[in-house]
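Look at the two complexes coming up: subunit A is in both, with subunit B in one and subunit C in the other.
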Partner chain A sequence: MFAHIFKMMWQRKRANSLIIIEIVIAFIVLLAVVAFIRVSYQTYSAPLGFEFDNTWSIEFEPDIKDREKTGLTARQTLQVISQLPEIEDAHTMYFPPFIEASSSTTIDTENGEFFVLSTAVSDGAQQAMGMKLLAGRWLNESDNGQTIRSVLINKLLKDNIFGDGNAVNQLFDYEGDEKLRVVGVFEDFRQMGEFSSVGNYMMFRTDLDNPKSYYRSIHIWVKPGTPRAFEEKLQKLLHQSAPNWQFEVTTWQQLRDEHIRSGMVVRIIPIVISLFLMLMVAFGLLGVLWQNVTRRTQELGLRRAMGATAAMVQMQIVFELLVISLMAITIGFLIAIQLPISGVIEQLTWSIFFQSVAISTVIIMLLSVACAYYPSLIATRYLPADALHYE
Partner chain B sequence: MIRIERVKKSYRTDTIQTTALNDVSVHIKSGEFVSIMGPSGCGKSTLMNMIGLLDKPCEGKIYIDAQRIESYNDKSIAPIRNEKIGFIFQSFHLINDLSVLDNVELPLLYRKISAKERRRLALEALDKVSLNARAKHFPNQLSGGQQQRVAIARAIVGNPKILLADEPTGNLDSAMGNEIMTILDDLNKKEKTTIVMVTHDDEKAQLTERIIRLFDGQLVN
Partner chain C sequence: MLRVYILLALKVLQRRKFYTFISLFCISVTLMVILLVSSLIENITHPPGPERNSERFLAIEKMSIIAANGRSNQRTQPGYQFLNAVIKPMETPELTSIFSTRSQVAGFRNGKRIKSQLKRTDSQYWKILQFDFIEGRPFSELEAKQGQHLAVISEDTARQYFDETSALGKSIIVSGESYQVIGVVANVSVLHWNASADIWVPLFANASTAFTQQAMGGFMGLIMGKTPEQIPAMKSEFNKRLAAYKHPDPKRWPVVIASANSKFEQIARLFNKDLNVPPKTKELTIWIIVTMVLFMLLPTINLVNLNISRILERASEIGVRKSFGARSSHLISQFMLENIILTCIGGVIGFMLALLSMYFISVSGVVPFHSFEINFRVFAAAVSVILFFGILSGVYPAWKMSRMNPINALKGVI
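Up next, the complex of A and B:
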């Protein structure tokens, strides 16, 4: 029976090729959507490397023309608000979490060039954020006055530069002729939030005693249960400390919510468009199959006259489309596999690619069964006598 | 072999109800060659479809080999159609995408028979209609008469006891029509196949053992 069906399909290859092209396109679009969702989910669920509960961000616009005056005002402000009973800890950070801004550079090593993001924080900020130290120590006062600047690097950067070897106290080239000394390795700090890709990161020290230190935000860790109304008290104090500055107080939770909201919008729009396209393909497939099955009504009537049951005829139609779909999926797979082979999309790992292929295959097969089932059901509802005379 | 008792069949459209068969009773014995005649629309094909289990009566009983089958469901009827009945249609109903041999094999696909055995039986059936040489051809490469011979080979490949031929010579010229009648006559005489043939052609009907005449859905003889 299978050989018979394959023979028929081969003879109808011209008509089937149109259906195959339609399914190939649908498969590739679906594969792209599934892979995109899978990559996004993997990125989203990777550990952030820090905690964001009970942390508030105080952003201010410093006067960059007079860095020393700005630094002095910021330090005074930091000291004043640190005294408040509601505040457990306060630190400075050049680029706070959940915003799409960071320092970036390219580090040239023996193992290759690496794109690295970085920020600078005051002593103790890592502990306040609950970051995990894997080797060495955090930055502290002992790093003052060193001829080689100290730096903390994340595990990914350590693996990239030093491989399995020890990184602590090792040096690496930074922006031309400067060298940096690694004093510690932390697990990760995904500063730009859950939707940012997992990448190389390093942290410099902001020395609050150095009048030339420069930063643009203060972050406070409030005691658990501190109400939002505390912001009013905080704002009054901030304005007393720096009357001409504008302060914007936001919780890290709010920054994260906004980051997730905008990240979801960016991801949902292409997904919705793709799903709409899939729906169009499903309707197109349904229409083509309907026409195809209707054209074969006499043949289906003949098969029943020859001894096939309605269920057998229906199964044959569904099976034919499943074989066509598998052929189309194979073609689509051979086209799509060029992406992970070429490595154009870094995040598209083999594991994600094959998972996406499996999910897309199941969806296309289910779609094919659904599209073939109804026209075949209608076709087999005719009595054989009527089907044989169907025009 | 075939017994139709007081069968009624009517078709209803939105506004009109048309009676195709009205209280028709027919008994066809095993090995008979019977023709059904009558003017267009008298119910010949409807009666043929009832006998062939391609349609269901509104009322009445249908017996094949003493089995009452008019109320059987699709699953029970399918093997009876496959094993006991062979069909020949006026418009041949060959599948153009399949070779002559594959067309002839079609009824055997719904039996538990190996591909090799199917092929052997199909070639044997083609031999009976003298078309072995055309086994690899496609239907549209054959003449009308040859196509009808392929249809006959397909109808007899499963060795059915009953052959139902709905105007088998209707689309053929007289020489080809005679050729088909000769094959049918041989099948009746040599294989003892029961043949029921619908025809408009009185000359062809005279070649059969008995003529059933219908008029306005009723028997007239």
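Up next, the complex of A and C:
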């Protein structure tokens, strides 16, 4: 039966061309949105690599002209606030997480060039952040005074530079004239948050005892349940220890909320718009099909007269639209497949593409069945007598 | 005749309410989205409020420094030292301003935390950006230089700190420092990021002047000419001065890149972060137009499909008219008129839906302090969208209808 309907629809492909075009566009729009959601979900669900509970960031303005004085003041501040009973731990970091600020560099290796983001933290910050160590060790005092600087790298960067091999204690070139020694490999540290793309990352050590060390934010781990109003007390203390400095206090949770909110707004708008578009297509198909069925009184009545059951007539109407949709999906697929073939969008891998195609196909098919259902019901109401009376 | 057509059109619309509903739904929803988007674009590119002189100013909001080996680079906002060395000596602009980017600060009132965005600015800032002062005044050049602890605050901030009473002369404490309020301005939409903040204080109110030595981070510059025609001259002077600028650590960072951008270029920059190339405004414009047209294509084809179904339904009516001598052009104009009436009704509904959703977006606070406006340009865009729909979705079905064979049409066989 399906083959027969396909033959009929193929014969009438010109008459149905506008409907086919409509479904082709609807399919491509849907595919784009589904793929976008799928890619977003993939980046969102990849491990963040650190925890953000009960962590606050204190940003300040360091004076690069007088690094020693800056370092001294910052160190004093760090000591003063570490003694507060509400604070369990305090560390320095170059940039706080969840904001779009970072240091970047390109690393040249035998396996190619890699774009790498980096930061520097004081000893023990990795444990405080709950980062996961996969190999080697964290940075500590034993890295003091080494001629070759020690560095931690994330798993992606390790895979990129060293492949499946061992990375610990290996060296790699950094900024042309320097070599770095890998002392540990961590799972990941997605500094810019869940919605940022997964990338290479490395972490240097900030030696708090070195007067030349430079950093621009202090991060504190407060006791669970510390109220936000603690900031008032904290600000007073900060102001006392460094009267000339401006401190900006935010919680990591707050920074993350901001990141998630702006990420969600960007994603929800296209979803809502495409929902409206799908609704329009559904209504349109319903209207067209309805009209179509009322015009086919003769044909459908005749089928009933020749012994076709109501269910068979109903099936014919639904299948007809399904066949049209399939033709449209095929065309849409051939158009859309150019994207992963050309590889314009890096994150659009074949597996994501095919998953999105499958999901979009199912949605369009369900939509077709839903739109054809009511008109097909009307078609069953035609009596053979109506058809024979026609004209 | 026209009256008859219009009456007929209204009758036809009432006949099959379901079709009318679908058509109106398509038209109004599409128009609503187009109106929202174009109002947003219009609002950013031709901002009302403090940034209303935007066609005369350029903003310097990003810079990057590149290491000698060309590999490593840092990219962030410009620093005061850089802006002071590059834009302050400029001769083409009438006014130049340096101000800090928004920073999160907190004040406390009866133990309750009040979150605000603070900007530290010079006095020129108030001349380039036209704030609406509800009461009070901005700080003067002298006050800014002396770094007096004065503050201009937004209406919303004033309400949070002092409820409905006048804020003038009272003091607020943010991040441990006390400032005396000398002016209250109307709230500024966060989308106008050159102007937007909650609290503005003089640049030098901060006791530390460490920032004056910093080449990178935390600041923005605005340069404004007398007329929009001065923009190219300002750009070339900026580039000349940029080329002459040396980073304080020239051995490590020999290359400094920045650019002075117009409002639309600032937006194009958001999508293209590479400062080495000029902002891709042309590409952005093309993208916007292509997306809009693609977005409208689907509802249009939908309407064409519906309209074809509709005329087939009226085959017998068309057959009668044809056999009584109506010309194709009569039928086409009648159908087009019907279609345009339908799109106009949909247009009015869409317009109301847009106003309603703008109201809800404003109230919900998704975009803080943003108030949508429909001005002449946005209205013109809406009208052209309606015409686009009315004509495009009517032409093909009308042409098809006019070619119907009267005999077949009378029989109802097509």
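Things to note:
Throughout what follows, the second predicted complex is superposed on the first by the 362 of 391 C-alpha atoms of A that agree within 3 Å, B and C clash if a C-alpha of one lies under 4 Å from a C-alpha of the other, contacts with A are read in each partner's own complex, and residues count from 1 in each chain.
The rule is short, and it goes like this: contacts are C-beta pairs under 8 Å (C-beta built on N, C-alpha and C of every residue); 3 or more make two chains touch, one makes a residue touch a chain.
These numbers were taken from a predicted model, which means no experiment stands behind them.
By the document's definition of touching, of the two partners only subunit B reaches A:Arg303; subunit C does not. In the superposition on chain A, contact is made by A:Lys7 with subunit B only, not with subunit C. Contacts of A:Leu383 after superposition on the shared chain: subunit B is touched, whereas subunit C is not. Counting the residues of subunit A that each partner touches, subunit B and subunit C differ, and the larger count belongs to C. In the superposition on chain A, A:Pro224 makes contact with neither subunit B nor subunit C.
By the touch criterion stated above, A:Val288 is placed in contact with subunit C alone, subunit B being left untouched. Of the two partner chains, neither subunit B nor subunit C is touched by A:Pro85. Across the complex, subunit A is touched by residues 18-19, 22, 25-26, 29-30, 33, 67, 69, 71-76, 103-106, 108, 111, 113, 175-177, 206-208, 210-211, 213-214, 218, 248, 294-295, 297-299, 301-306, 308-310, 312-313, 366, 411-412 of subunit C. Those residues of subunit A that touch subunit C in the shared complex are 18-19, 21-22, 25-26, 29, 61-66, 70, 101, 103-106, 108, 175-177, 228-229, 231-232, 235-236, 238-239, 243-250, 265, 273, 276-277, 279-281, 283-284, 286-288, 290-292, 294-295, 391.
Listing the residues of subunit A that touch subunit B in their complex gives 1, 3-4, 7-8, 11-12, 298-299, 302-312, 383-386, 388. Taken together, the subunit B residues at the contact with subunit A in this complex read 49, 52, 54-56, 74-75, 78-79, 81-83, 87, 89, 93, 95, 97-98, 102, 105-107, 109-111, 115, 154, 158.
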